[in-house]
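Taking it in order: structure first as structure tokens, then the write-up.
Per-chain residue numbering starts at 1, and chain names A, B and C are given in the order in which the chains are listed.
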């Protein structure tokens, strides 16, 4: 789900930084409105590290294996901290782990971070129907997981197809976007299920992680 | 040592505390610690030692009772640099990316000047013998080094009362001996919780035995730890060095008792 | 994990460049490279990058390991461009046609990718990671973000180590994740959940330790960085180069490329 450096025109990279900046500003504002934002900083930070580490786990997806993105889960657990967390995670990846992505940091953060916030809002709806229920928790967990990666895939596909090949005609473009998005459907399903499973684990072991 | 009437370093009066899911973690605790004293806190796991420490520092708020530090009441959430606590797990306490930054954390929050902060850091690192580690990241340290660095981080605030929660958990023999020597050379008042009863015997003259949130007994370390029935009743064993030996191989210089 | 700052204590002009200036200068260069669309600027771009890398005295092997993984992904995305994009045919072999526009796009992509990634490597490979974070903080990054980055960085290793231990323990009890089925997913979900819970609980203890040493009492931005005229001169030089590329691109576009 990462766009590598050099691939997108500067306008898009700059726009990516702009949207990431706006989303960060919005998230920080919401964070500062809470009662004790300082207290949440260690929690959010260690969970950011934990999510980053968790994303290294290989899930067998025939014929090979893949790393999960888990931005839906991140949104459900971290709430408004999800966007800064993703920004930081991407920064670590760009700088420490040979992934590149400094110029496209903003774009990638937008691709993964905005859907994470969406996943948070969706997961929060659980409170309306009753957050003690296992069934609703699992259901909203899977919805959060699906929306997180699903929206990411769409944005990613659109950006990639639209901006890389400059001379492809519109019909081929549209078809390619569809093809790229659809090829990710198995991943979306797996992430959705996986998110639900983790959410149910947390619900049983440490529910306050889901209620923050 | 002559003790004129002094303000106690720590004065606990009828302290009680419950967690939401665990009632009566501490029940009606009262004790005083005089300046310069070295007190050991012993007892089985779950006795409430760590909770007691967090209450003494003002991190937790008691359900009942009062805590006074050097005569001033301790308020929940207040900052009292006169008391410093070394946590059981050094990793919980070393949260900065380099040793130097971590030791500087406390002094910076005391709003000292840059020069003063630097001086405090150097002083604390020298006292704990880890000056050469100043630029190291914490995850590149051994268990013993982490322990001494976390002590340095607390010492940099120049506390008058130091609390140690299981200070030699996961230390090897050499690090343990280094820690004991360090504790013996300390000038602050000490309150040490440990399962290592030999360490307590070497460092502390006074021992408090805690179990199930209450103080069972409080007195001279040898007297209490020699009481086999008492120790075993609370899940503890009499330290090896106090067992009468045919061949003497322990020193007990302070009170002449030979083991 | 190969650390980005494993060569941070080499001695070179780039290593000695003060972090804040370096951050502004090299990031500007990265954005300038992003702006380039004209093939005629590619040699200059690659030359500038190459010269900077020489100055840094970093080993070439280091750069190659860093380029490998993202480079692979890039090729995956872009290698089909010359066959699909554009209408001017350069070469035709049977049904397969090599198109000029697509070929140009591929060249552009690859050159820009190499230049940007190399510059990024220079930026973060010639000073300790910690000092670069502090530089961003000194340049105005919101304190919460800076604090979070530093704390996450600090505990990344612990948590990573915990994960490794847990995976080893699982393996020793016979867990094999070859098949994608409910059980595998369930076990891996528990693994992720455990890491999250343990980190959460540790964070509560870390918070207590921070509060005990006065966390939240002062805004801890201190003047940690000092610069000398050489730093500013170097920044000026690099900024001029960056501007040069932007201006060059604009002119070439006006002239019709």
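In this text, a residue touches a chain if its C-beta (ideal position, glycine included) is under 8 Å from a C-beta of that chain, and two chains touch if they have at least 3 such contacts.
What you see is a predicted model, and the numbers here were worked out from it, not measured in a lab.
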Centroid comparison with chain C (C-alpha atoms), farthest chain: B
Pair of chains ranked first by number of touching C-beta pairs: A-C
CA centroid of chain A to CA centroid of chain C, Å: 19
Between chain B and chain C, centroid-to-centroid distance (C-alpha), Å: 44
Residue list for chain B, restricted to those that touch at least two other chains: 95
Multi-chain contact sites of chain C, meaning residues that touch two or more partners: 129, 151, 153, 155, 202, 206, 210, 215
For chain A, residues that touch 2 or more chains besides their own: 42
Touching residues on chain A, where the partner in the complex is chain C: 2, 4-10, 13-14, 24, 28, 31, 37-39, 41-54, 56-62, 70, 73, 77, 84-85, 87-88, 91-92, 94-103, 160, 164-168, 172, 190, 193-194, 197-198, 201-202, 205-206, 209
Chain B-facing residues of chain C, complex: 129-130, 133, 150-151, 153-155, 157-158, 202, 205-206, 208-215, 217-218, 220, 222-223
Residues on chain B engaged by chain C in the complex (per definition of touch): 54, 57, 59, 77, 79, 81, 84-85, 87, 89, 91-98, 101, 105-106, 108-111, 114, 137-139, 153-154, 157
Of all residues in chain C, those that touch chain A in their complex: 1-4, 27, 30-31, 33-35, 37, 65-70, 73-74, 77-78, 81, 84-87, 99, 101-102, 105, 109-117, 120, 123-124, 129, 132, 142, 144-145, 147-149, 151-153, 155-156, 159-160, 163, 177-180, 184-186, 188-204, 206-207, 210, 215-216
